[in-house]
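Presented sequentially are two complexes of chain A, the first with chain B as partner and the second with chain C.
Let's look at the complex of A and B:
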């Protein structure tokens, strides 16, 4: 199945030519942005993380520029749903299914590069406006070399009933994975979006390491509501840099439900800026580390306007020799009067060889606020385990039940049915590993 | 001198100043010669000189911390590293110079002594000038000395422990202290001995641009108990002063040690302190730590729980007013099974001040059965002030429990309304709420400290409303 892969040596001198070859169909304004981002990519240092021993040489060596052509007829699964679907493998769009009713209301669901060509007036002002391409090297790489991703535009006042599903497949023979998506919700619109990042089995021999830089930008107009769910289940040969960021307008609300299960090393950042009064950010992260996985997760909530609200929940299960770092940052800036912010982090330790760090920070520059956080970590309750085993459950079944009980308050609160089921499936897979 | 500056004296009740009484004062700046001179004047043994010179090299190599309070205003070349205030140590109260006595009297030391004080060792400038030891203590075999004297009188004991808990390599300021340390307390409590009264030392800085580098070493031998109390207040000066202490504590099996500090340096002092204790089997170490004064404080009392059953506690408050940044916290390193730790931190920021709680809980792979509980509460009293809470929790075992909570709020409108409707004015009501907020701390202080604490908080809060 695998066709011969290209060998690319990309340098600051030849990058403009390579961009033109790789992204020939892109409009000139986009190519200009790519060139600028790649200049930043070459200039920026390899990111270092205080608590993640990230091998700079290794990450420098895998650029992911090399790629095998992606065949058009990949038989990858497409979910049964009444809502819109966009399925992609790298730069190849496999399925775009937009229900006619949505199109009539002016909802645009397409891949981002098509949107850049077809609706530049809608895309260009927003693309790159939430996350600065020069934020760090991985963001610059994504901004310069992103191969494709989703674009969702919901006009003012439109409420989309059925969840929209995006599937981003990484193919095993690809050393680079750079999806980029953009979500724009106009005033008082509402939508549910599920964003899957998975391995697309295509029978080809996997490459030894993959570098992933994944980006999602969200813009919420006044009163808009976005339910964003995501599950990441990339292979453990992947080093993933994930950056999701939202700008939330007056009285808008974003509900993040993000499950981190895959990748060997994942460094992820989710940042929400509440820039107008009454905006809300509700974030739930579930992470489950096993083997030698290392998840380094930052969740950031910035209150930059009065009466803004944020809740942040991080729930982790650690087994094997897995390591996690969960850094919650709630920043309340001066002037954000009447804001209310809460953080809660809990980690269940299934193994003595695992390690979990939690850094729940509150950075408060305003006094007329309420801010609180709590963090805890602990083992399986031995009394509960004993109780279950005394009722005839095997130890394995008892542990599974306790893990389910630990995660249920968070996962069962996920309002999106499909997502909730998929998160449980992912948890089950990790528990049984 | 600054005593003529009305801006300063208005702002700080203890900003009185009795002129510069130093008998021997070094020029500004730090060189190898400075370190050698300090050691020679103190007639130290060679090992201590070598220790100092090694630390000086480490100091030169270590970078400034890239986190915490802003230290850009600190100029190591403008600091005087040693001042000796009088020729000999005061043996009795009568021998203490009158100007120094006047200062102490305003701080209330004689009263404290009249009550029940046994060991008063007041650090006035760099050398301990007054030191009286109650007969009870010596009879019990408790050693309570300034550290300089201890190096001379108990060289074996000091050498065994000195610099073992906080080596010069630990951080830049520990290295600086190790190179130029002077004064501080040395405490040794023999096995099974309970110190009948708190051991108190009063520290003061009195010379402009003078660094104070006291070095305290406390050894609580097996099954002993002691309570060391340190209070700090310094007159206000116009240019920056540096206080960089190192406090090392060894709590042996079954012993319990409590270290209480009320820090009220004047608002121009950089207070950069390394405090660390090690606790062995079933030992208990308690830090009670109040930070009210100084310009910038960076201080994170820590306990290394090294053997089974060891316990650590930090109870702290930080109050930051105009121009102040209290970057404080606590560290608990659980390095043995069945160890427990508790941290309670209360912070108050007002008048544009900033408090930061920065903490670390580390549960090592062998810390099975350990428990750690951390609670941080912050009050921000006005809209100019700020507070950060940055706890680091590291869990490396599935057999331990870590719990952390924190809140940041303003003074509750409901409580204010309740109190003002009972006839208190808003200022009184706010003060009452703040007093209640820090009550878990003040109730752990010795009586005369609790009184002083309440007075300081009241003073700090004056003008907080409107």
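Let's look at the complex of A and C:
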């Protein structure tokens, strides 16, 4: 597809033509879906959060989509791994590496737009089936204008040992960032996936603001297990709407490990629906804000079948003037007998100007269940700081140690080695900022 | 290295605007053990925390020097790296940080880039734990988290042994220790005393002093040291109680 630097002013009248130009290589069924999403886009509300002010002017009137061409040979880092790798910068696929052994087993690891062309029968039924595009502007925007993302398909019974790694690079001269990914795990399959969102260097001068709408959809067949890890490190000039959602079948399990370190304002929602008996959702969120960052994170577990299980942990650190709102929502619907749900939220504020709210919410419509929650938010313990300094640690080293200690029980429990190390690296970067 | 000397000169300290120390004078050299005794609430902990530099205690008058350096001009961590150590009456818990990691970080903080080798550190740590009759498992537990009162106190002494300060202040290191533990801790402390180490032991009890045998005993009442003497002063105090000191103070018209 030919891209040249241009600014598009999109209106309800011309949006169909612009879609055709921008996404010329897409199959007609996909273009039809894009048109449908963008038709709804104009009338939909901007997603709002009670405690997070978002510049509605910016996102409320997004009609200008600029795009600069992305060269094919960007020398962006690719991790060393024996597993599969997919690296992308906007619509440009930089690297696709699928180990031969996986291909033989029928595992598909490719970019989502290629998959839409090559395996429409696998993609079309799932794409957009987990997240409702008509929910709000950010979802419609992503559904209509997503530039590319990952597609991972694991056939029944296949277990992938080495982590699959996806890298989504935002380039500094791009004012829009709309990745979309889809993960489909058939019965009794298992995979580890690490999904990175980072800034890529291409030597261009950065635009003043970027709007990101990022989406991940997951479908788990019975008995499937997905270990999903992600680290978000977009620049503070980016305002991001992030939406991850999973539908979990009988006795399947999803393990979310998400680290949020970047963006200026991030409004995210991670929602898991346990729609068949015995499905499990285990979610860990680590977030760290500095400067004037603002993280508003909703993590939702919906128990819609008997004997479903969820654990949700949110652990965050805010420094400088950063603010966070972490809301854990456990919804146990009628009929979800014998379900078990726990959530725990804990935040630490390193400065008087930082703010961190932790809000657990339990919506329970069934008697025969177990549900528990705990939440705490507090400033750094001054007595502990004095204690460490009295042993010779500088204030900076003492704060670092307290933060490490605060996060260690959660981060050290991340079972994916690479991810655990990278989360620590990201934490270290934020602490020393 | 020269023998250390801590000098407290006419120290006045206020907390939340209220004067708590009202002119304390004290000099501790290497090779010396000083004991400070006194009724509850007379300012012993305040003295200890002020020496270490706790921000809550505001020095309104007087001076403190360590080896001639002005301690009041130094931050808490600088004082520690200069060789001052405070074993606290109520040690903090540091969740998520193992005792071993904490100790190694603290040791390295004063070695300025010349980090201690892992093996050397482990050996020293285990030797010190053996001396204090501590289970080696404590090294892998989070600092003071879930420690009993006595275990916390032992952990304070463990840090002292490993950090090898020049002057140590021990604020009620013996409170909460069982009688055998008092002996163990006292012997640990004694093992440190020498030309390069001096200590100020704050206590309510004669027992620990029986083991450490301080050369100097000071009695603090209402923010001042009202009486100083040798080891026998502690025994006399034990027999006669504080009223005797207060009465003597009144007769002599105050210190």
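Quick notes
In this text, the second predicted complex is superposed on the first by the 425 of 433 C-alpha atoms of A that agree within 3 Å, B and C clash if a C-alpha of one lies under 4 Å from a C-alpha of the other, contacts with A are read in each partner's own complex, and residues count from 1 in each chain.
Just so we're on the same page, a residue touches a chain if its C-beta (ideal position, glycine included) is under 8 Å from a C-beta of that chain, and two chains touch if they have at least 3 such contacts.
For clarity, every value in this text was computed on a predicted model and none was experimentally measured.
Looking at the shared chain after the overlay, A:408 reaches chain C, while chain B stays out of its contact range.
Judged by the touch definition given at the top, the superposed model places A:381 against chain C, while chain B stays out of reach. Contacts of A:391 after superposition on the shared chain: chain C is touched, whereas chain B is not.
By the document's definition of touching, neither partner reaches A:122: not chain B, not chain C. In the superposition on chain A, A:359 contacts chain B only, with no contact to chain C. When the two complexes are superposed, the chain touching more residues of chain A, out of chain B and chain C, is B. Looking at the shared chain after the overlay, A:350 reaches chain B, while chain C stays out of its contact range. On the side of chain A, the complex with chain B involves touching residues 318, 334, 337, 347, 349-380.
By the touch criterion stated above, chain A contacts chain C in their complex at residues 381, 383-384, 386-395, 397-398, 401-402, 404-409. Contacts from chain C toward chain A in the complex involve residues 52-55, 75-77, 79-81, 85-86, 88, 91-97, 102, 105-106, 109-110, 142, 159, 163. Taken in their complex, chain B has these residues touching chain A: 363, 365, 368, 378, 380-383, 385-410.
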